[in-house]
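This is the structure I want to talk about, given as structure tokens.
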Amino acid sequence: MKVTFKIWRQENAKSNGGFQSYEVDGLTDDMSFLEALDHLNEILVGQNQKTIAYEYDCREGICGQCGVFINGRAHGPLDNITTCQLHMRSFTDGQTIVVEPWRAKAFPVIKDLVVDRSALDNIMEQGGYISAKTGTAPEANAILVGKDVADKAMDAAACIGCGACVASCKNASAALFTAAKINHMNSLPQGKQEAHRRVLEMSRQMELEGFGSCTFTGACEVECPEGISITNIAEMNARRAMAKWHNL
Amino acid sequence: MFLRKSIIALTGLFLCIFLIVHLSANIILLLPQETARGLYNAYATTLRESFLIKIVAYVLYLSIILHVIYAIQITFKNRRAKPKKYLENKLRQNSSWASQNMGLLGVAILLFLVVHLANFWARIKLGLGEGVRLDDNGHVDVYEVTYSLFQNSYYVFFYTVLMVPLGLHLHHGFKSAFMTLGFYHKKGLNILAKISLAYAGMMSIGFGIIPLMVYLK
Amino acid sequence: MVLYAKIPNGPLENKWRNYQITSQLINPANKKKLNVIVVGSGLAGAGAAATLAELGYDVKCFCYQDSARRAHSVAAQGGINAAKNYQHDGDSVWRMFYDTLKGGDFRSREANVYRLAELSAPLIDHYVQQGVPFAREYGGVLVNRSFGGVHVQRTFYARGQTGQQLLLAAYSQLYKMKRAKKVQMFPRHEMLDLVVIEGKAKGIVVRDLTTGELKRFAADAVVLATGGYSRVFRLSTLAIGCNGSAIWKAHKRGAFFAAPSFTQIHPTALPQTSEAQSKLTLMSESLRNDGRIWVPKKKDDDRNANAIPEEERDYYLERRYPSFGNLAPRDIASRAAKERIDAGYGVGRLKNAVYLDFKHAIERFGIEIIKDRYGNLFKMYKKITGVDAYEEPMQISPAAHFSMGGLWVDYELMTTIPGLYAIGECNFSDHGANRLGANSLLQASIDGYFVLPNTINNYLANALKEDHPTTEHPEFEKVEKEVAAQINKLLFIKGDKTVDHFHRELGKVMWQECTMSRNKEGLEKAISQIQKIKDAFWKEVNVTGGHHEMNTELEKALRLADFIELGLLMCTDALEREESCGAHFREEHQTSDGEALRHDEKYSYVSAWEYHNGNFKLHKETLEFANVQPTVRSYK
């Protein structure tokens, strides 16, 4: 199988980037997309050229480190997967594959396809936790959590923090990411004590980081590898309103 | 931004209610000419003379202004959040066209609104342009203004075609206003999506078909 | 040198309490003055960094990923064990201790393993409090399920994403302490060497992966929490970035490396399908509850699986282990698969897999039940392979998974370098020669949250009296120069082969000779082959790009350079241990029916290797079993 990769190359955060095309032969359809890029990099080394920088770690769809825009879609042409779960069988022989980094003001490009997503960590820092010191916990079954509540919390908690929601959103909104974390913690009894503070501070930080507002296009939930529902954003809005009311 | 978003949503929903009232009145235009003229003019006069309606009218003006201003602000802020666009972006595979183009649709509706206000509001309320006569009952003959306007095929075309962006804008806006305001009940949202479609279709077709019917009468 | 494990006095049940009573404490006002470096941000690293910060120490935490939340703890699927006895099925701390010790084939310390079991129950309380959405019954209490090798249900889980949920909890606590300005985070920073001053660990040299800049950090103690090193096989279930460099550098600076060759091979991963493959994805072991494993009875049978009639299938696990069958422990299932594959009965494109068949289960329970139990796994299988496993059997194959071995640590989790600690998978402590399922998340968490924060004070109390180390010390200068020299050397070789080429070569040798089944001849051959790979690597590798920029090729090269040396030690260790135990199966030492044969009288010790100018010297920590009698594992 032979394809042409049209890839965004950018030396560093300050330089201007541009697209470069690479024809790559000798691929097989059961190779993963990232393995095809690995293959290209080995060819580049053979030509004494600098390799293309792109991110990955676990390569099994859970760490959230990989993520590029492939042929006009975050994480490629399939719904609800990560880049590392994409295989070359999703492309056709001779196809041109456009590969771009996540685009958002809050995600500056570091090099080639690598972007800085620490803005997401910054949101987490403003309350994406439960303030309980090690050693202070009561017996685990002392506080009951209904199955429906636990399941719902888990649905939101599944977020892997890859940033596809931001990348696919025309407004570069991090609302789905932020909402998922808030709803996970705020719906559990353990997280209730600081629920109001959490939703206000995390949503505030989201704005400060330069992410846009949610206009409910729904693109994020289609690209989210964990299929986190957009209703989480509505729930965050409700929780935020309640917190504001509470603080009046 | 959350507050401004909520205001856009609230004003939007208020405008949605207004559209229902507006459309129900417009149905009068479909009656036989003599009945329609009397009823329509009487209705218009009642509205103009009611103190309550006056307040509602000012709320309406304010709603439109806030909806537009905040939408512009947020649109620009959102654009700044995404300074660089993708070379290739297949948005249609993950979202509806309307949801991606609410701003553009909004501009089209605003354009419509300007013409619409010039045609009616400016003539009747501000007395600009050609004067308006009274009908047999002594009411201002708003019907005549409407009727004569819709004898002009260009206007009919304009009034009909621009109801398409209105429908699209409403279809996305109605449901997402609820979500912005924090309505997150899953089944409720599924029902809301259907209501949203039905509502947008009704408004768009309703408003769009009346000028055409009047023209063809 | 005599290895002193510092095991506290008293009966097994009281050892940890006795330790805490007698260890030195530090006044809260003084803790502020003490700096601790934590390398790694997985369950062990993040848990330790957050807890140490809560106690008042100043903590710096490093990870090579772009965020602490990526650490590979995130990928553990199954669950975490705890002796809560919520199921009322006879579980207890003692039973869990015994299961773990036996699972490890009696090659770990009683005191450490007991502590692991003892602290497991409060750990679940802790995670629940931190907001981990564990599976619940309708009535709101926690659910348990069973896992391989035990007769009780003690595994807690959050869907198939338990590791992710625990890691996110640890990460959130880490960021809580970052907000409190007690933790400084350094993502995209990779430790390249350890700085030892006057025999004590006093800091590290790291490379900023964004700019390529080398940076020095000094501290009163250094904690390594860098995870497993199974990427030495190249193809493994580990994340691509997982590496052994930090512990290898520590080893070269004087820390002993214990049981390096004890590597767990997981039986149910997806097979390699091409030379370019970078990763073997794990399929949850739970599949073996309903799936039947088989290979064709005929060699090189090229027929489609469904075309092979029942009587021509060899259900080899059921044949060899009638009582446990398809649920035999990991090491046994893996070894049996390799035996069939090596004998020429393997299936799949590269003839390196066996079938895991759900046909009978679907016939028996109906497709809906199977969908309900394994739907997400079948979906994942289809995503990766494009094959519908409801229609034809899955192809699975053993894959390198967990490193039981690691830096030798004492009861306090301190290595042989004072002030240097190793926690989580990167140490050798609790799993012996084989780890039980759902015990890895447990050990990492216990080390990080509960043990280290209660032992490090015993060392730091004395550090208070000493001068604080500074990065101006000549030793920092020297180490940084050595690191820079190694980087420059790699960049200037300009050979004609890629880093991945050498990694593939190393992986092939290691996989062939140092995994499920080992023998003297093979290991000796492997050592000389790895030596050749090492020489070739330093002559022929081509690392493009520069030092002072983001350079993923350079990162890979640095890690591989250490893997090659580590591979040598692993083979050396496997060669030295003339017995079979747990994951370490020496073909020369088996019973007449092909089962592992342990030699307790000669090998009941932990092998701890000292590095000396490229050679390895063996030290032995004798294992004493005062509370249990080592028995023979039998799964027949």
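We call the chains A, B and C, going by the order they appear; numbering starts again at 1 in every chain.
As a convention for this text, contacts are C-beta pairs under 8 Å (C-beta built on N, C-alpha and C of every residue); 3 or more make two chains touch, one makes a residue touch a chain.
Here the structure is a predicted model, which is why all the values come from computation and not from measurement.
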(request) State which chain is most central when centres are taken as means of Cα atoms. (result) A
(message) Can you tell me which chain lies farthest from chain C, using the average of the Cα atoms as each chain's centre?
(response) B
(request) Please give the pair of chains with the highest number of C-beta contact pairs. (result) A-C
(request) Mind checking the centre-to-centre distance between chain A and chain C? Centres are C-alpha means, answer in whole Å. (result) 27
(message) Please tell me the distance, in whole Å, between the geometric centres of chain A and chain B computed from their C-alpha atoms.
(response) 38
(request) Averaged over CA atoms, how far is the centre of chain B from the centre of chain C? Could you give it in whole Å? (result) 63
(request) Please name which positions on chain A make contact with chain C in the complex. (result) 11-12, 28, 30-32, 34-36, 38-39, 41-42, 44-46, 48-51, 53, 55-65, 81, 85, 87, 89, 110-111, 114, 116-118, 120-121, 124-126, 128-141, 143-147, 149-151, 153-154, 157-158, 160-161, 184-185, 188, 190-191
(request) Please give the residue numbers of chain A that touch chain B in the complex, ascending. (result) 6, 19, 69, 71-73, 77, 79, 98, 100, 103-106, 168-173, 203, 207, 210-219, 222-223, 229-235, 237-241
(message) Considering only the defined contacts, which chain C positions touch chain A in the complex?
(response) 47, 50-51, 54, 65-72, 74-75, 84, 86, 122, 124-126, 128-131, 133-142, 158-159, 161, 163-165, 168, 171-173, 175-176, 178-179, 185, 187, 210, 237, 239-241, 273-274, 276-279, 281-282, 349, 380, 383-386, 449-450, 453, 494, 496, 498-501, 542-545, 549-553
(request) Provide the residue numbers of chain B that touch chain A in the complex, in ascending order. (result) 1-2, 5-6, 74, 77-78, 80-91, 93-96, 99-100, 102, 172, 175-176, 178-184, 186, 189
